[in-house]
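The following pair of complexes shares a single chain, chain A, combined with chain B in the former and chain C in the latter.
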Partner chain A sequence: MSTEYVPESKVGKWFNDRLPLLSLAAHLKDYPTPKNLNYWWTFGGILTFCLLTQIITGIVLAMHYVAHADLAFGSVEHIMRNVNYGWLIRYIHSNGASMFFLAVYIHIFRSLFYGSYKAPREIIWITGLIIYLLMMATAFMGYVLPWGQMSFWGATVITNLFSAIPLVGESITTWLWGAYSVDNPTLNRFFSLHYLLPFLILGLVILHIWALHVPGNNNPVGIDIKKPSKDTVPFHPYITIKDIFALLMFMIIFSGFVFFAPNILGHSDNYIPANPMVTPAHIVPEWYLLPFYAILRAVPDKLGGVILMFSAIFILLILPWLDTSKVRSSVFRPIYRQFFWVLIVDVLMLGYLGAMPAEGIYLVLSRIGTTYYFLHFLVILPVVGHLEKTDPIPLSISEPVMTGSANTALARKNENI
Partner chain B sequence: MKIYKILFFLILGIFLNIHLNAAEQVKPLKIDWSFKGLTGKFDRASLQRGYQIYKEVCSSCHSMQYLSYRNLSEPGGPEFSIEEVKAIASSFEVTDGPDSQGEMFTRPGRPADKFVSPYPNVNAAMAANGGAYPPDMSVIVKARSGGADYIYSVLMGYVDPPEGLILDDGVYYNKYMPGQKIKMPKPLSDDLVEYADGTPATEAQMAKDITTFLSWAAEPELETRHKTGVKVLIYLILLSVLVFLSMKKIWSRVDPKI
Partner chain C sequence: MDKSEKKTNRRDFLFTASYTVGAVGLGAAIWPFVDQMNPDKSVQALATTEVDISNIEPGKSITVLWRGKPVFLKRRTPDEIAEARAVKLQELKDPQKDEERVKEGKDEWLVMLGVCTHLGCVPLADKGDYNGWFCPCHGSHYDVSGRIRKGPAPVNMEIPKYEFVDSKTIKIG
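So, the complex of A and B:
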């Protein structure tokens, strides 16, 4: 930490004594970062970029959008046709949501693989999960705003989940709607909240980074390191340049979607204006919510499904205490590493099943996938942590002196990914 | 290696979802549209013929409420001349008002006017069409999975129903429509219109032209989008190379043992 930072100029010193912004800048610049971070660690920066992109394009869209059940669909078409570069701003915003989730899922799975959620980083993990929850809420409400068929029916399905709550469910649903069905008041409040939540996310991102800067970054080897030391580099320019390079790679993929396949991640039914009298053949959420949708539909009981779906997310909050292994990085955990990949396949399978009709083989597979998901966190993780014989761990990043020598090659290999 | 593994699965997962979402009806006919691909453009003559089909055939039932006549002269579209668009617009009667006396009145259309709709409202449209609403066609290509291929297929999909299938009055058989039943009678037939440019008006030609026109109507920004996209990609790739070289140079200062 650079708390001893003293600005050179008198004015700078005067200002910094009263509001230490310059000290903060110096801290961010010198922040000692493990030098072996691989590209999976660049997604934090990418996510910050995504959030800011969504906020900026969103503010511009809100200047032209009309949150009214009779006008919303037409105002989106107005943006697409009559606003200068409106199509670009809207396509960046709508594809940006998908890119945001793509990045956040990589970020979360990186954390799972390298044990970044373990002590002393539990609060980073928990603030991250709250951000993720708010992202899902924001994305869901944003999807409702164009007031197409999928907007309307998606909103109907999701808000109806709350009616499964015993006794007060119906009242809560009516309260959420502001009417006796999804209607104009619902659209209005969703717009209001869709504008509010990103700023809450921004605040949480600041807490997330603050909490990160207390213990410092985890790293692929997963060991505690001295800071600053031979194992670290200052954040600027080493990490900034690397983050920028990774961001550019990400932007190339992002641009591919925006300019050449802007509607491929959306559903064609959302270009049909909302019609409460006509239900679409299949109501499906956006791709990034599909695994949870599969879990919801895997349970024959509505309340049970809702409870299980929310549990699937909330179970992650206690993950740091479910994982009993003292070793962070999966690089040195041969057994857990296998289960990690099985979990990835399981979640992808659930995502696929979420898009399929809930019947026949799809339903059976959803149930197996759901069971395995919970089994992974509630049984496999605690048990493997106790029983697993981990590989020898190096003492530092620069000098990979192992407690045994056989795995130097392995550690090297994995650092270079 | 794991990078590729994860990316591969993620992308595979996403694309599987999309493709399987769409795979529930008879496979539509595939046309090699000129506007597909990274540098795809619309066929100008086809767009102009397509507008003629819309005006002479479709517009008696289908509205296109999000388009204005001025769009017909804009770059990337049919690119009629300003004079032609003025003539097209003025051939329509537009309701305007109220005037200073509080009365509504009609006047000849102007390029800034929205396409005139055939019916005053949805209920009137349904009443005139046996209870079925002829959907607005402004974004219909984006609003159907399968896009242009699907629209083309439906236009070409009117075949005799299988034997034994009894259709209600005002219901027609179409092999590409989900459920194979459609309330729109077969809209196109050979020589239904006489093309201004002398192109033989076969059914397939007309279906292709109107689908091209509808694709433009749904995505009038398509050509600009493609052109901008190519420039953006070139810029990003060049910048990436520069940043990559800078990164190598900066990181070479760090102990290279690792």
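So, the complex of A and C:
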């Protein structure tokens, strides 16, 4: 393995003895990967691509953008109209945020389906959630920068969430604003932090991958495997080529948005300059925050709504300990598998409701959806883990394929994922 | 045994003392970096606004910007004042008499922050179930005195500090 790696050239050996970068490269190249990984496992690579795309386009945009309340809106229009390829770079950046979240949600639900968050992978899961939290903070602050109506009022509503905290709430919001309302100091600091956070995310991604490389990848069957063995393949070229193919497919969708519907995921009100005197009739956050927005509005109490919204995210941190089942993959969990799909429907429904006005039937459904969301994690997961009779698990990845008739059913099941 | 215990106690004291001094120093060093985010002197300097109210007809209202936030100045009709005062306090989520929300002898002038106490949107005038204001963001209804009646907002719309400089001018802040 990589620890025994010795560079062939003398110079390489000299360098590697002093800084073992070549050993690291060899480790990444040979990293034994389960041979049955399906396409749901390609989103890690896609997410890395998304992060780098956002950083590169973001650095370019910062060369032309002005973080001042009087100039920000105009400078974004300047990027769109005057800067060479400015429209392209901005559309890649704004749609890139949506693509990033699309990929991260698929990545998270893949983990939920195949039990990738369970021992010994809890730290991978937790670092991933911190990345997700930082992504939301970064995306929110980035959305404020064009200083349109949605920017301004989105910032007002979200920062006001903190005013729900008893006693110190008002002081905290004033501190966040640097003024008595969302204003130029707010815009200025959001720009500073929006530039900083992606690099923190990058650092956490390195920890995330490091933590992954300790136990190695989970896989669709969810069993522990010997590494390296006939159940594994080297990362390069087997996984790299698969990741690149998936990435190309993903980039076709990405390009579809950028070139044919660049504003479809945004809100037209954000092309109106920020006006602190008028609130738009319907304030909606970006689509990727809608389920949490629906939870916030489902509660008729200010503090209660805020607490429940944050709990909806933070409950995921203790997920590895809420799920009592020893079996990782849903392929062998007939009951949990059904609840998994109900959860997907529930989250999609909450997302839809978050975009609708908070009244009538929408409000009732939001409350049902919110209740079910918490029920899933706090009651269904622990109970199903105890009561469920799981299907027999193969001894190795190769077993269902290589051995006789007894296991063909498992093999077929594996094909159907 | 006794000897070592004594030594440990002396060490403990030194450690604790060092940690304490270190913690105080660290806190003092961090504080400027926290406090720089609070409103600066130029923001604080804009803390008052004077408004000419001589052109406002009864029943009409104007909106002015004070500290970056809209302030509603409404000249209420006698009917509206009567309506606001007829409300029983038990019916209110945040009980407050209309008299407490205006200056004595200037009952027709309602001066309040046009900011929904839920999440900070600007409510729309003459809308909602109580003939007052309605916040379009999350559906809070306020009455003609700006008191919360229905919806997620926890308290009444805030009355800023203000005074009548003369019969035509109000100074907010």
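Here is the rule we use: the second predicted complex is superposed on the first by the 401 of 417 C-alpha atoms of A that agree within 3 Å, B and C clash if a C-alpha of one lies under 4 Å from a C-alpha of the other, contacts with A are read in each partner's own complex, and residues count from 1 in each chain.
By definition in this document, contacts are C-beta pairs under 8 Å (C-beta built on N, C-alpha and C of every residue); 3 or more make two chains touch, one makes a residue touch a chain.
Remember, predicted model here, so these are calculated numbers, not experimental data.
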With chain A superposed, do chain B and chain C clash or fit?
fit
Go through the superposed model and pick first if A:189 touches only chain B, second if only chain C, both, or neither.
second
On the chain A superposition, what angle, as a multiple of 10 degrees, is formed at chain A by the C-alpha centres of chain B and chain C?
70
According to the stated criteria, A:281 is in contact with first (chain B), second (chain C), both, or neither; which is it?
both
Should A:156 be classified as contacting the first partner (chain B), the second (chain C), both, or neither?
second
Mind working out whether A:221 is in touch with chain B, chain C, both or neither, as first, second, both or neither?
neither
Touching partner for A:230 - first (chain B), second (chain C), both, neither
first
When the two structures are overlaid on chain A, which partner does A:272 contact: first (chain B), second (chain C), both, or neither?
first
With both complexes overlaid on chain A, what's the closest CA-to-CA approach of chain B to chain C, in Å?
12
What part of chain A is shared between its chain B contacts and its chain C contacts?
281-282
Using the touch definition up top, name the residues of chain A that touch chain C in the complex.
153, 156-157, 159-161, 163, 174-183, 185, 189, 276-283, 297, 299-303, 305, 357-359
In the complex, chain B touches chain A at residues 1-3, 6, 9-10, 12-14, 16-18, 20-21, 24, 38, 65-67, 71, 135, 138-140, 142-145, 147, 178, 218, 220-221, 225-226, 228-230, 232-233, 236-237, 239-240, 243-244, 246-247, 250-251, 254-255, 257-258
Would you pull the chain C residues touching chain A in the complex into a rising list?
34, 37-40, 43, 63, 65, 67-70, 115, 118-122, 135-139, 151-154
In the complex, go through chain A and note every residue touching chain B.
35-36, 39-40, 74, 77-78, 80-81, 87-88, 91, 102, 105-106, 109, 230, 233, 237-238, 241-242, 244-245, 248-249, 251-252, 255-256, 258-260, 262-265, 267-269, 271-272, 281-282, 284, 287, 290, 344-345, 348, 351-352, 354-356, 397-398, 415, 417
